Amino acid sequence: MRPIAPLGRRRVAVTAVDDVGAYRVLRVADRSGPLPAAGQFYMLATVQRWGGGGDERPYLPRAFSFLSAGDGELRFMFEDVGPGTHRLGELVAGDELWITGPLGAGFRPPGDHRRALLAGGGIGIPPLAAWASELGSRPLALLGFRDGEHAAGAALIEDQARVRVATDDGSLGHHGLVTELLAAELARDGRCVVYSCGPPRMLEAVRALCAEHDVPAQLALEAGMACGFGACYGCVVALRDGGYARLCVDGPVLDAERLQPLAEDAH
Amino acid sequence: MIDFCGLQLDHPIVNGSGTFDAIAARRAFGDALLADFPFSAFVSKTITLAPRAGNPPPRLWEAPAGMINSIGLPNRGLQGYLEHDLPQLAELPVALITNVMGSTVDEVAQLVEAVGARDEVAAIELNVSCPNVETGLDIGADPLSLAALVRAVRPLARKPLIVKLTPNTADVAAVAVAAESEGADAVSLVNTLRAMALDPHGGGAWLGGGAGGLSGPAIRNVALAQVAAVARRVSIPIIAMGGVAAGSHANDLLCVGAALVAVGTENFRDPCAGSRIAAELKSLQIAGSPSSSMNAS
Amino acid sequence: MIDFCGLQLDHPIVNGSGTFDAIAARRAFGDALLADFPFSAFVSKTITLAPRAGNPPPRLWEAPAGMINSIGLPNRGLQGYLEHDLPQLAELPVALITNVMGSTVDEVAQLVEAVGARDEVAAIELNVSCPNVETGLDIGADPLSLAALVRAVRPLARKPLIVKLTPNTADVAAVAVAAESEGADAVSLVNTLRAMALDPHGGGAWLGGGAGGLSGPAIRNVALAQVAAVARRVSIPIIAMGGVAAGSHANDLLCVGAALVAVGTENFRDPCAGSRIAAELKSLQIAGSPSSSMNAS
Amino acid sequence: MRPIAPLGRRRVAVTAVDDVGAYRVLRVADRSGPLPAAGQFYMLATVQRWGGGGDERPYLPRAFSFLSAGDGELRFMFEDVGPGTHRLGELVAGDELWITGPLGAGFRPPGDHRRALLAGGGIGIPPLAAWASELGSRPLALLGFRDGEHAAGAALIEDQARVRVATDDGSLGHHGLVTELLAAELARDGRCVVYSCGPPRMLEAVRALCAEHDVPAQLALEAGMACGFGACYGCVVALRDGGYARLCVDGPVLDAERLQPLAEDAH
């Protein structure tokens, strides 16, 4: 059974704010929620002035995977990419958030004598960090970043996983795509389950690569969400059976084999 | 207790069709949902005769003070609803209103008849206003076509029949009058306003379905005007909705003549918006602020 | 230079009728207004045959991401306009489009003929959509009545005739087609959406005029959908408006097929919104972002 | 000729924020605007997050009379009564505002060997303070307030005028309405012009009283404004001739004799 959210949104306080490279890490005190499972997420909105940003947004809450949880505290990580993350980026300790969660279904263990292999990057770190921590086995994590400033985010998972980094600009680690590291690793030893989270283009490459190598993969996907608890039917991804899955209740983690090739843009 | 077409409801706040999935919400929140159910009656998402997968993503666009959806009425179809959903919805602690939509009179007749035959269903809401499906729009925008539809299906319904009107019309009150004259027991409004958004990165329409429907605070005052216009012309009860996010908004709709108020988009921001708004409304009414006896026009 | 019905305009941004009073603005800002006029053409507030005082206050309500107005078309009437306003408007450095409205075909005919006879006037915009005056709404919502009106007055106009459509209709494209078929040179849309607000302190409608019209960002995506729908059906140029507050919003409207974009409510927040948006639009176009050649449907 | 506003809105910074009793005083640096005339006003909106407050407001800019001006600085005074003033109340030094102004027509000198008599209260202080300062003659100012905390606002005009205070609760000065002070003063010496600004109910009492005593009065009125420069026709008051005047261009100061009795509520 996945952890179940307390009914409704609850008001929590920001306890600390840290910058890690290009990313912001928000700590919030959440004493009334259960311990979430890796890959689950929360809907977040500020109590004050959620709205009034660019084009009068944000209006809807925003989905964020938790980075770590424990001792009555949740950590989230994000980069300023739009009005919602911009507003969250203005928060200081003491400010208040509405949160709903934990929501959705997270990662499932590899089983089958397979090892867990984590692959992802950028803002995809949180579910992977949480999963590595839950596994406890210091799995290998292949992480791709745009540049050195973003690669600094790898620090957030280094305690839980053995990290190998790739950067687009070569400023750190492998100069190139994380999927190049993944291809090499799959070729070396394919007895694994790949756990992945990252930008759509990367996830699609991971999906295609794993399909090619016949390796099971669990992808933590993203989609625009209005509600996060199955109410709006907005957050769907196309399945191979012709239907759609709601990411917020059927995901956000889905088996790669159920999916159609993913659209490459933010859609 | 409020009497709405013979249903006895605890308070005047229900949900807008398609804005709360009680089955999914129970998966997310567990049985706490049943203990503290936010609405005094539950309105199901629109059911069609055949199953529908819905529109391709993206299905959502965040607009100034609101959102546009192009969901495309995904549902299991009539049989799937009766077999799979209905037993679960019957476990809810409140009356069930089933929302249906068909693209022909015959389809609607089948839906109304099958749904109305089920004891679990307390009332039927007929969606003639969904902007995402061509026929829905057309029937609901024209008094004559709507009258013909209601005339044909009313005798088959067996349960109170609520007609959900489209706001995308010149004279919503004329349409409401047509529904009333053919025996509709209530009307509900507003559905979403036809709207569109372009992909900020280029390449045309953002929504997979092309166009969509605007909801949320942005449409609140449009809804209020339409509800007031309808209330002046019909005497059947009205379920009013559109941008309700607080007790005062619900109160405004009651003031202009609504019997019940539905909460839609606000549920997405606050899963317990229904209970919160019912409580806010109650304290406004206790404080003796403008009541439903007031004449707002 | 943009050619719009034979008018040569510097850029595609004009003002929405009734949202910028060039005469009053010159009193407030002096002749700097003429040196840096925000629009490439100036659209006057609606003129009626007889003078009108307008609606009793309050005339404004601030809505989520927008506002409701119930101004009631105050104006000096045709004679007052020709004698008092026209000489001052003729001093503006841009082409003048005069917006007129009548409650009968005969009134409109008189207005169009008198205004069209004046050299200072470059084009006439016919308001058939103001939600505050019963007739405006009715003619503009019905293709047949509108066709009859345009047929009757087109021959008298002598200048390009722009028909300003109401958004409060089921099928705005059908109305636009009717206008085009009777010889309208262009259409403009959207006017405000019918809306209402209640006095928060009780006592009924807030606005002195009862109901009003919603404008601003709240209606942006509704406007975009209507403009796209009209563009698919007519080939005459479109002046598009509704919630435009930035170059990207104007660009969206051009993308779906508008020829010009009008700025309305945003002028109230930023008196130079016109120039700002024209500049933002230009830099978007230079940056090669989605252009008007794109097919958005 | 009244001072004319630079074309368009301009971006200015808050230089200081003070609390005076129940009121907040905002100082902003405005080097590009002309010196305004007493009774003129500015349209204000914050650059950041004007929006996202209660019911997603404010959206339109808000009108404020200036309290004082000079040395490239403007001072405004307000009380938190709604989403706009609430947002303004959050500003700290360094935050930015959009301002447009000075706008409208202010007070005109008494002339005719009449003395200037100021009467008002509450948030009506700014134009009176500016006018007393412009007159330079330390006129008598009769000021009404709800209570002592509000009456502290009188400090903002005490340097420019001889102040006599009335409070509704009797906590300071005369226990009662300022119009009682005004009635006595008019009875004592009617050779004056009354300059008044305050809540609608007070202004109406002043108007009626001056009409009764046949004393000319200039009232600085308020109305909901969308634009402030004559564009929207929203800010009207009813005139005795059956028409309406736009407060932002024909006012906000109007001769009392032109007005119909004023509505008593905020309408």
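When the chains are written out, they are named A, B, C and D in that same order, and each has its own residue count from 1.
Just so it is clear, contacts are C-beta pairs under 8 Å (C-beta built on N, C-alpha and C of every residue); 3 or more make two chains touch, one makes a residue touch a chain.
In UniProt terms, the chains line up like this: A, D = Dihydroorotate dehydrogenase (NAD(+)), electron transfer subunit.
Predicted, not measured: the structure shown is a model, and the values here were computed from it.
In this structure, the chain pairs A-C and A-B differ in their number of contacting C-beta pairs, and the larger number is found at A-B. Rounded to a whole number, the gap between the C-alpha centres of chain B and chain C is 33 angstrom.
Each chain gets a centre from the mean of its Cα atoms; for chain B and chain D, those two points are 47 Å apart. If you average the Cα atoms of chain A and of chain B, the two centres end up 34 Å apart. Residue positions 51, 55-56 of chain A each touch two or more of the other chains. Of all residues in chain B, those that touch two or more other chains are 61, 63-66, 199, 216-217. If the chains shown are joined wherever they touch, the resulting network links each chain directly to all the rest.
Interface of chain B with chain A (complex): residues 18-21, 23-25, 27-30, 32-33, 36, 45, 53-54, 56-67, 69, 71, 74, 199, 201, 208, 216-217, 265, 267-272. The touching residues of chain B, counted against chain C in their complex, run 61, 63-66, 68, 137, 141-142, 166, 168-171, 193-200, 202-205, 210-211, 214, 216-222, 224-226, 228, 243, 248, 252, 255-256, 289-290, 294-297.
Residue ranges on chain A touching chain B, taken from their complex, read 4-9, 45, 51, 55-61, 98, 100, 103, 223-238, 242-244, 246, 248-249, 265-267. Looking at the complex, you find that chain D touches chain B at residues 55-56.
Residue ranges of chain A in contact with chain D, taken from their complex: 49-53, 56.
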